[in-house]
Amino acid sequence: MSPQTANTYAHPENDLTPEVNYLNATKGLKSWLLTLDHKRIGVMYLVTILTFFMVGGLLALGIRAELFTPEGDLFTAATYNKMFTLHGAIMVFLVLVPAIPASIGNFVLPLMLGQKDVAFPKLNLASFWIYIFGAAFLVFTLIQGGVDTGWTFYTPYSSDHASGSVVLTLTGAFILGFSSILTGLNFIVTIHKMRAPGQTWRKMPLMLWALYATSVIQVLATPVIAITLFLLIFERILEIGIFDPSMGGDPVLFQHFFWFYSHPVVYVMVLPAFGVISETVSVHSRKHIFGYMAIAGSSVSIAAVGFLIWGHHMFLSGQSELQGAIFSFLTFGVAIPTAIKNFSWIATLWKGSIRWNTVMFYTLGFIWIFLIGGLTGLFLATMATDVHLHDTYFVVAHFHYVMMGGTLFALITAIHHWWPKMTGRMFNETVGKLTFWLAFIGYNLTFFPQFVAGTQGMPRRYHQYVPEFEVWMQASTIGSFIFGAALFIMLGYLIHSLFKGVKAPHNPWGAVSLEWETATPPIEHNFHGLPVCTKGPYDFDEIEEGA
Amino acid sequence: MIPSLLLPLLGLGEAAAGQGKTFWMPPQASTLAPDVDKVFYFIYWVDIAFFVLMMGAVIFFAFKYKQKKEGEKTSSNKGSHSLELVWAVVPLILSVVMFVTGFRVYVESVIPPADSYDVRVVAQKWSWAFEYPSEGIEASELVVPADTNVRLTMSSKDVLHSFFVPDFRVKKDVVPGRYTVVWFNAPEPGEHHIFCTEYCGDGHSVMLNTVKVLPQDEYDAWLASQQAVAEAEGDLTGVALGESLFTKKACVGCHSIDGTKLVGPPMNGLSGRTEELADGTTIVADDDYIRESILAPTTKVVAGYAPSMPPFEGQLSETEINALIDYIKSLD
Amino acid sequence: MSGHEHEHMPLKTYFIIYGALLVLTVVTVGVSVIGLPSTLSIVVAMAVATVKAVLVGTWFMHLKYDRKFNVFVFLASFWFMAIFFIFTMTDLSSRGDILAVTGNFEQRMDEAIASEKFDEEAGDMTPEELGASLYANKGCVGCHSLDGSKMVGPSFKGLYGREEVMADGSKLTADDAYIKESILEPQAKIVEGYAPVMQDLGVTEDEIVAITAYIKTLK
Amino acid sequence: MNANEGGAAANADRNPYLAHHFLDKFQQDDAVKMGMWLFLVQELLFFGGLFMAYISMRFLYPETFLQEALAHLDWRLGAINTVALLTSSLTMALAVRAAQQGKQKQLVPLLGVTAVLALAFMGIKYFEYSHKIHDGLMPGIYYAGEAVGAVEAVHHAPQIFFSVYFMMTGVHGLHVLIGVGLIGYLMWRATKGEMNENNYSFVDNVGLYWHLVDLIWIFLFPLLYLVK
C-alpha cells in the first residue's frame, strides 16, 4: 500500500512490528476472558456483537422470506410476531447500541488519547460481563420460544395480553442498560482526565468528540429505560396499574417513558457512525476535515437536542395536539446539525486526493444511504404527512436506512479502516470493493421499495398483507438475500485475511492521529513512553502549505 | 418496465388514472387527501433537490479528485464560516416552512367540523365494530354517506389499536379507557381499505375492514335495511337470534360451522363432543362448557388452539347467551 | 476532594449545616400540619426540600470545593429531568383541548339523552306546570318558600323583577339571566343575609326555562 | 530527559494505591471523583422516572393522593425517618473527614453509627409496610382496602396511589440497604487500616452515594407524607 510516511513525532521503538503484541502477549482463554486490556475487551465485544448481528440478520431473512407472498404461509402469525420482536430487540439492545462505542470505541479511544488504558479498566471488563449476562437473558428467551410484544413493549399488550417470557426479556434489557451506562461513564472520564500532553479538545480526532457525545447520552438516557422496564416488570407481575388503563393508568404515559430513552438511543447508535465517517473521509481523501468545530459542535448539539424530541414517535398515539406541535417543531432542530455534518463531509472531498479503496467506497456509500435516511425523516417530522406515514413501511424503511445504513455501514467502514491496526493483517482490496457493490445494491434493493409500500399505506408488523403491495415486498425480499450474501462474503474475506492476509505495514493509510503511531498490532501497553501530541489529527503531509 | 417505473418515481406522473393516484400516494378519496399530498410532494421535491445536489457533488468530486499517485498535494482548506452559515440557515428556513405547512394541514385534519355525522367505533382484539347512535344500529362494517363530514369516536376494549384508511390519509390510535376522534369527508362513492396499524397481537394483520361510501339515497336505503334487521332481531328469539348474533358478534370470523379449523375450533357437532384440552384433560362439551367458553374463554382451551378469544363477559344479555347456546347446539 | 491541598471544613460547619437541615424539616412538617391550599403546599414543600438538597450538596457532598465540571454535571441532570416532567405534563394536561373545542362524544351524548328524557317528562304540561313539578321534586321547596317567608334561601314570591341587595352591597334586579346564573352557579351572587350553601343541582337548560316561567307566575 | 523517562523513573517509589495507567494520584482522584458524580447523575435520573410516575398519577387522581395520604400515611414516622437519615448523613460526612485526616480511631465508630441509623430507618419502613399489608393497602390488583365502588373507581384509584408509594419507597429502601452493605464493607476495610489519608477516595464515594440516598428521601418525604 502506501510507503511509510514520515511522522514528525514517531517514536523509533514503535516502528518495529514487535513479536510480542497485545494478541500474543498472554495466551489461554482465561487471559482473554479476564483481561483488563481495552483492546482485547474491544475485540471480544466486536466478536460478540457480530455474532448477535448474524442471529438478528437470520431472523430478518426469515421475516423477509415470509413477506415474499401476501398470504402468511411460511410461519404462523404468533411465530412471525415473535420473530420480528426478537429481531428488533436483538438488533437494538445487543447490536446497534454497543456496536461502535463498545467494540471500535474501546479499542481506539485510549490509543487516540495516547494512553495506556481507559480510566477504569476493571469497570470496563465489568461492563463487558454485564453485557454478556444481559444478553444471556435474551438468548434464553430466544431458545425458550421468544416473546411477541414488539421491541417497544407497548402496554397494555405487553403487561396483560402478551405471551412468552416477557419478564425475562425485560430483565435482560434492564441489565444491558447498565453495561451501556458504565461504558459511557468510563469514556467521559477518560476523555476529560486522560489526554496526551498537548492534546487540547480542538486537537482530538472527531471520533472522540462523537464518542464523548454518545457517552453523555448513554449516561443520561439509559437510567430512564431502566426505571421504565423496572415498572413494566412490576406492571406484569404485581399489576401495579400505572400504565394499564383497566386499572386506571395511562398507556400513553408508558410511551413517554419509553421514547424518552429510545429516541436519544438512536443518537447513541448513529453519533459514533458520524465519528467514524469524519475520520475515514478525511484520512482517505488526504485532506483536513472541513469545519472541524462545526462537526464537533454538531455532535454535542445533536446529543443535547436529541432529548427534546421523543414525542414525534407519538403524534397519533393520543398525545395532545399542542404537545405534538412542540415536538414536531423541535425535531427539525436536530435535522440542522445532521445536515451540517453531511455538508462538511462532502466539502472535505473537495480538492482532496480521494483513494478508491474499500474504506472510501463504504464511506461514500454511507453518505448516499444516510442522505436518503435523513431526508426521509423530514416526512415523519412534519405532522400532516406523519398522519399518513406513521407505523407504515415508510417508517421501517426510514429507520433501517438511518440505523442499518448508518450505523452498520459505518461499523463496516470502521472495521476495514482499523483492521490493519487490530489484526496486523491487510484484507484483499479487490474482493472488498466487489463485496461493497454487492452489499450496496442489495441494501438499496431491500429498503427503497419499502418506502413505496409505505406511502401507499402498507402497515408495519404485518404477517400477511393485501396483494397491492406484493411487487414491492418481493423486490425487498430479493434485495435482503443479496445483502445477506454480501455480508457473508465479507465475513469470509476478513477471516481469510486473518490467516493469509498480507502483513500490515505500520501505518497503511498514512493517518496522523495518535493511534497510528503505535506498533501494528499495538503492544500490550500501547506506547513505550507517553506520546506528545504536537499537531492536529488531520494535518497530513500531502496538504500543501498555502492559504 | 424501467422507464415507466422511473417517470412516476419522480412523481411526474401526477395525473395518473384513479382520482389523484400517483406513484407514491394512494388515490385521494377524501377532502383532506389533496392537502396532505401537496405537503408530501413539497417535501419530496426539496429532498430530491438536496439529494441530487449533494450526491452529485460526491460523485463529481470522487471522479475529479481521484488519487492519481500517492502523496500528491491536496488543498489546505480547513473550512469556511460563510459556507457553513449558508448551509445552516437554508435548511433552517426550509424546516420552518415544512413545519408550518405541515402543522396547518394537521390542524385541519384533527378538528372535526361541528355538524359532523357521528359514528362510534369499538376496536377489540382483531375486529372492528361500528355503532350508528342516531339510528341505534350496530354493524360490522363502516358505511357512510358520500360528501358528508363523518366523525368517528373510537375506543378499544382491550389493547392499543389504530384506525387507518390510506385513501383518506387518516389515522389515529384507538386507546382503551379513552375516546380518540378522527373525521373525514369522502366526496365520491367507493370502497376503501381499513387497516389496524398499532401492533395488537396475533390477529393484527387480519384486523381489516372496508369503508363503503354510498350516495345519499343508497345510504338511506342501507340504513332502512339495517333498521329492519334490527327490529326483526328485536322479536327474534331462540336459534334465529343465536344465528344472527353468531355473525354480528364476529364469532363466524374464528369458528366455522362446517368443520374447518380456523383460529378457534369448529362449532358443528360441538355439543356432546369430548374435547381434549390444552392441559391434557378431556371434557364433554355441555351447556356449561359452552357458556363458560363464551364468557371466560381462556379457562378451558382446546388443545392445538391459541388462547386468543376475547371474553364476552358483560357484553351479552342472558337471553343472548342462551340463544347462542341453542344455536350452537342446533349445528350438527 | 480534589486539588492538591485538602480544604478541611471546620467541625463547626458540619453541625451548623446539620442544625439547619433539622430546622428546615421541622418547618416543612409544621407547614403541612397547618395545612395550606394544595397547590401552595406543594410549592412550599418543594422549595424547602430544594434548600435542604442544596445544603447537603454544597457542604456534605463537598461541591463547594469540587471541580466546576462535577457541579455542572449534577445540575445538568436536573435540566434533563425537568424536560421529561414538563413535556409529559403538558401532554397530560392539554390532552382533551381539541375535543373540548368541538365537544367530545360523551358530552354530546349526555345532552342528547337528557333532552330526550326531558321531552317525555314535559310531554303535555305547559312550562309553568312543569316548573311547579320541578320546584317540588328538584328540591327547591326545601329552601325557597312561596309565601314570602325567609327560609334558608330567599322566597320565590314576587322574586321576578324585584330589586335584590347582594352580600357585597351591590344591587341588581332579578331577571332571567340572574335566575339562570343562580341555578347553574349558586355561589356567584348571594343575596344579603343568606348563607352561600346552595349546590349545583345539575339542572339542564330546558328545566331552567320551565322554572323561570313558574317563578314569573308567583306574584 | 523528556516526559517519558521522567514517568518511568518515578515508578520506583510509586504510591501503592496508584493504578498503572494514571500519571499521578491527583489525576486518579479527579478521575474517580468524576466517575462517581456521573454515577450519581445516573441514579438521579433513575429516581427521576419514579418522580415522573408520581407527578403524572397525582395529576390524573388528585383527590385520591390527598385522601389516601391523609388516611394511611403517618407523617410522624416519616419525620422520624427523615431525622434518622439526616443524622446518618452528618455522621457519614464526619467519617469521610476522619478518613481524610487519617483519624482511624474515629472512622469506624462514625461509620457504625451511620449504619445503625440506616437500619433504624429500614426498621420503621418495615413497620409501616407490615401495617399497610395488614390493612390490605397493597398495590395494583392486590388492593383490598375498603370497597371501592365502580363509579368511584373511575375517579378514585387508591391502588394507583399505593403502587406509586410502594414503588418509590421500595426502590429507595433497596438503595438504603445497598448503602448499609457498602458501609459494612468499608468498616471491614477500615479496621485493617486501609482507609487512610492517601487512599480515602473509596470512603469519599460511599459518602457521596449515601448523601444522594438522603437527598432523594428529602424529596420523597414531603411529596408522599406531607403534601395535603
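So that you can tell them apart, the chains are marked A, B, C and D in the order they are listed, and the count of residues begins at 1 in each.
Assume a residue touches a chain if its C-beta (ideal position, glycine included) is under 8 Å from a C-beta of that chain, and two chains touch if they have at least 3 such contacts.
Here the structure is a predicted model, which means the values were calculated and not measured.
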item: Mutual neighbours - chains that touch chain A and chain D alike; value: C
item: Chain centroid nearest the full-protein CA centroid; value: A
item: Farthest chain (mean CA position) relative to chain A; value: C
item: Chain pair showing more contacts of the two, A-C and A-B; value: A-B
item: Whole-Å gap between the CA centroids of chain A and chain C; value: 51
item: Rounded Å distance between chain B and chain C, as computed from the means of their C-alpha atoms; value: 41
item: Interchain centroid distance [CA atoms averaged], chain B/chain D, Å; value: 48
item: Inter-centroid spacing, chain B versus chain A (mean Cα positions, whole Å); value: 33
item: Two or more partner chains touched - positions in chain C; value: 69, 76-77, 80, 84, 88, 92-93, 98
item: Residues of chain A engaged with two or more neighbouring chains; value: 192, 220, 224, 250, 252-253, 318, 321
item: Multi-chain contact sites of chain B, meaning residues that touch two or more partners; value: 110
item: Touch list for chain C against partner chain A, complex; value: 69, 76-77, 80, 83-84, 87-88, 90-98
item: For the chain B and chain A complex, residues of the former touching the latter; value: 23-26, 35-36, 39-40, 43-44, 46-47, 50-51, 54-55, 57-58, 61-62, 65-68, 70-80, 83-84, 87-88, 91-92, 95-96, 98-99, 101-107, 109-110, 125, 158-160, 162, 164, 166-167, 169-173, 175-178, 180, 193, 195-206, 208, 306-307
item: Chain D-facing residues of chain A, complex; value: 115-117, 119-121, 123, 181, 184-186, 188-190, 192-194, 197, 219-224, 226-228, 230-231, 234, 238-242, 247-250, 253, 257, 528-530, 532
item: Chain B-facing residues of chain A, complex; value: 2-3, 5, 72, 77-78, 81, 148, 150, 154, 156-157, 160-163, 245-246, 250-252, 285-294, 316-318, 321, 324-325, 328-329, 332, 335-336, 339-340, 342-344, 346-347, 349-356, 364, 367-368, 371-372, 375-376, 378-379, 381-388, 390-392, 452, 455-457, 459-466, 540-547
item: Footprint of chain D on chain C - complex, ascending; value: 1-2, 4, 6, 8-9, 11, 14-15, 17-18, 21-22, 25, 28-29, 31-33, 35-36, 38, 41-42, 45-46, 48-49, 52-53, 56-57, 59-62, 66-67, 69-70, 73-74, 76-78, 80-81, 84-85, 88-89, 92-93
